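One chain, chain A, appears in both complexes that follow, with chain B as partner in the first and chain C in the second.
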Partner chain A sequence: MMLENLIWGYVYPNESEIQWSILIVLYPYITGLVAGAFIASSLYHVFGKNEIKPVARFALLTALSFLLVAMMPLLVHLGRPERGIEIMFTPHVTSAMSGFGYIFSFYLTIVVLEIWLSFREDIVKKALSSHGWKELLYSSLALFSFDISEKTLHDDEKFAKKLAIIGIPSAAFLHGYVGFIFGGIKANPWWSTPLMPIIFLMSAIVSGIALLILLYIVAMKIRKHAIDHKCLQSLAHYLWIFLILDVTLELLEIISMKYASREDIDIINRLLSDKIGFTFWGVQLTLGILIPFILLLMVSLIKKRDTLKMIMISISCIFVVIGVFAMRWNVVIGGQEISKSLSGTLTYVPVFFSQEGVLPAIIIFILPFIILRVVTSILPPWKDMEEETQKLN
Partner chain B sequence: MQPHLKRAFTLLALVIIAFILVRSLVVPGSFGQYGWYRGDSVNELRNLTVNYAESTSCGGENCHKIIYDVWVKDRHKTVNCETCHGPAEKHVLNPRETLTPANDTREYCGKCHFKQIARPELFPQIDPDTHGQDLRCVYCHNPHKPWFV
Partner chain C sequence: MDISRREFTKVGCRIIIGATAGTTIVESLITNGIAADNSPDQSGYDWEKHFWGFVVDTRKCIGCGRCANACKLENKVPFDEEVYRTWIERYRVKKTSLETREEEVVIDSPNGGIDGFVDDIPAEELKKSYHVPKLCNHCDNAPCVQVCPVGATYETKDGVVLVDFQYCIGCRYCIQGCPYGARYFNTEKGTADKCTWCYHRITKGLLPACVQACPTGARKFGDMMDKNSEVNKIIDEERINLLKPDLGTKPKVFYIGLDREVK
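Let's turn to the complex of A and B:
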């Protein structure tokens, strides 16, 4: 396509190429899913919501699988992935970005410790009952310490709870930080708002819970087990609450921008009506929030009819997951589609086969599901889900 | 503390110590000497060979005075001699070291003058498909005095 067709109004020469591509859209999306899944699991681990118990450990494994690939979009975007570690070797205190490696490592440690403690009993039992390489694998996972007396497990649980209490603020920090980086860019009116970290956090929780619900339903269908509807509807209920918080903040930002009508309002209006009109009003707000909101409201109003409710929850979750991706897209791409001159717009055209293209983004997004498959085969969380529900047929 | 937790924290401590060790090996010694960069790089950059001599050294010594005087008064005065003629430090030090011929291809002029939306409207730009019949620009335009056709 000719460059002329992609540009409107006055733009600076160095803006004609959009630097932050779909990979940078994927990065906050993946970290959001991590934070969301972790917070969903802490509903049980910290807040003692027993109805969430069937998915609590599964949520931790989901968080870990996505956390392990969270850095990948950035490394591929960087082009020289081996230099990525330098930001950890010589971090500058004035740079929000340079803190990421540390926040990431801290959070990874907490998630791994949390998973280790909550699976320790299973690990030790497997180590004691298996032979050969499996024995070695599980023994090393147990760090060759096989004490699973009642008292030890009780202490472990108490310690895991403490960890999860640290984990919640660090999950919030991990994702709020991503929002902070965008919110701190003062030259860009679409990004520069102190609300950004908390908007990112809320949409992260929303997308994480929705993904967890979908993975739970899919896992149970594959394993041919009945779904624990109490757990599912409880998760859907939390999804609904966080959805309300999320939409309140997202609309608050737009409304205050429109009401204040600062010098950048013309370009913001153009962005919202033209450039990202469809992905913002259509996908992010209508498909991703309004429809799931109504469906989930109906779920909480309808009595009985569990299968219908499950279908409605599944549809809501699919829409939410798509809607949150659109939200990341609208922030990352939308912000770059307005010129710093505030009187021109640019257009991002995604490429499929390229280092910055759609293909690597798809590959990176598939990876966590493969990792989750591997991790769940080493540390199966299914026992929790299948305890209370009987096997179908 | 339970023995398994002790082991876990020892492992974590080992990872952190390993990171600190690797960091101390990998980060150059002179990092942070003057600022948030490798101090030695200042000396390394200073010791790089000089390639460019500046336009004044072409016309200043009475070597290329005539063409220099034409160029310096005209619109291309912001484009240095060495932009087209190439780095000239060696030639200035020793006139027997001749320069490679100036780059006068159509694409090279086009780097500034082919039409592009991001350029100021009044900047001289041409559409390479319709202007000049694929001839080299210097066939009609004098690069030292561009409006002289």
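Let's turn to the complex of A and C:
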């Protein structure tokens, strides 16, 4: 039987099927991108890092676009999706999963409010200057309040800042919480570590900043506009810092597991050398962290040569988003590839066409980009991205 | 105020519809809420008066697989899928050379042990060999109950951990949370599923099907509230062990003769 090649040692009979598939890999990946993009925007909104300003609003829209689909992989994966809403109505409070609906909604509210406040001036101006359905659209987006006097705008800004201050802990919470969903499972030695939430959070920030950089570069290329290298390099600088935090924690976890050498160490070693050896050491750590780390270090050392730097930053960012995906994969799939009997391993074989297959995962992952395209056409963030730089040709 | 008759009816209708819908929702919430507090409608059975426990005497198990077979029959667990409410594991410890001192343990459970076991390692090579029946431990501090986001998995007053199929959303968090691999996904229902200690039988005074089917008495079931029950006697007199006791799950399946290789 084919199955036997996929199994090594002894796995409990009920474990022959992997329960959480690629969709559940996607779920922390997407929420991570949300949290990361949001935190990048708050570098400007809260910490007043003016060099980030060009992408601050764009980052919020990115966060929103991904947030809107964050629930989907979970929902599609449920055995009884029609009952999914019960998590909101009758949450069972001891479950690490039950809070997700609330945290998600709370966070969504914050992001929407934050976007509304930072775009309000634009919305009102559009509402006042357009006609027909556009006027209606923007007037309703403005909630029919058209006051954009200096004072109100100033108040808006103050409020937006306060919101962003709440936003940071809630973004951290949103994603740290996703980490806890795994970290709280004592049955699984690969998941059960108190470091899990913070590892998830750091990799989330890393992936979010990298995605933001990539989207910024792509958007500017499409719009044929010069890139603000100051902004780009400062984002890259933050990316570099968070990469260091991220890798420290990830290695800390592995080192302490190996050093403590508990009962489960044999199976963990087998997981790391055999099952996820390539995706862990190769993709997650080398491609996703080590190479970007070196490239970004060089970026900060090299003088001038902005185009070269941009290329190096782009490559790093591509590697980082791939590496973080591998990290989610190694956690979610890796954790299920070891048997809880600690005496065997099994193998996840992704299927393409099925409710939990690769195809729905791809579709769900493309959606946020389409959403982003739509929201940016309703609420264009380009003005801030382009005011410092000039149009090409 | 001047309200036309039509408008009045309209408003009236809305109130009535709203009120009925509202009460239905509230009612269903309440029924769902108290469902777990009421003893199931089994005439004469009071779940406050029992607290069930299970004993597995691994020394007696011969690995015939009748229990696992009986379970699938009794509980309509599909025979053609790799899902089991109970199964039998076989542990074979190979002889080791005195130099290496490396112990090799071969564990298997082909088709959950339902069809018995084949001797594919010659007896001369083995130091010892034994069988360990497994099933849901109906943990008193059950991680599966803890992690269920909607409370579809719960412990009854008589100490049985059950899944409410009408309520389970099929997230499979409990399957991840159970350290013993006791749960599986019921593809037909789209929910989690597992051993119920034959709740439909024990509440009528019968034994679980596996206990009834075991020819050697390796499985024992009884009421821990009854001082004279066999289960209580064993717990009081024998040296018993639990599976993965360090996880703090407080299993209610007690093992006699559990060897150190068993996980």
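Convention: the second predicted complex is superposed on the first by the 390 of 393 C-alpha atoms of A that agree within 3 Å, B and C clash if a C-alpha of one lies under 4 Å from a C-alpha of the other, contacts with A are read in each partner's own complex, and residues count from 1 in each chain.
Basically, a contact is a pair of C-beta atoms (placed from the backbone, for glycine too) under 8 Å apart; a residue touches a chain by one contact, two chains touch by 3 or more.
What you see is a predicted model, and the numbers here were worked out from it, not measured in a lab.
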item: Fit or clash - chain C, chain B, common chain A; value: clash
item: First, second, both or neither for A:12, with chain B first and chain C second; value: both
item: Touching partner for A:90 - first (chain B), second (chain C), both, neither; value: both
item: Touching partner for A:353 - first (chain B), second (chain C), both, neither; value: neither
item: Which of chain B and chain C A:259 touches, first, second, both or neither; value: neither
item: First (chain B), second (chain C), both or neither touched by A:142; value: first
item: More chain A residues in contact [chain B versus chain C]; value: C
item: Which of chain B and chain C A:133 touches, first, second, both or neither; value: neither
item: Contacts of A:79 with chain B and chain C, given as first, second, both or neither; value: second
item: Partner chain in contact with A:159 - chain B first, chain C second, else both or neither; value: first
item: Touching both chain C and chain B, counted on chain A across the two superposed complexes; value: 11-13, 16, 89-90, 92
item: Contact set on chain A toward chain B in their complex; value: 3-4, 7, 11-13, 16, 88-90, 92, 109, 113, 116, 120, 142-145, 147, 152, 155-156, 159
item: Sites on chain B touched by chain A in the complex; value: 2-5, 7-8, 11-12, 23, 26-27, 31-32, 36, 116-119
item: Chain A contact footprint on chain C (complex, rising order); value: 29, 32-33, 82-84, 87, 89, 105, 107-109, 111-112, 134, 143, 145-151, 167-173, 175-185, 189-192, 247, 263
item: Interfacial residue positions of chain A with respect to chain C in the complex; value: 9-17, 19-20, 74, 77-81, 83-84, 86-87, 89-92, 94-98, 100, 181, 184-188, 336, 339-344
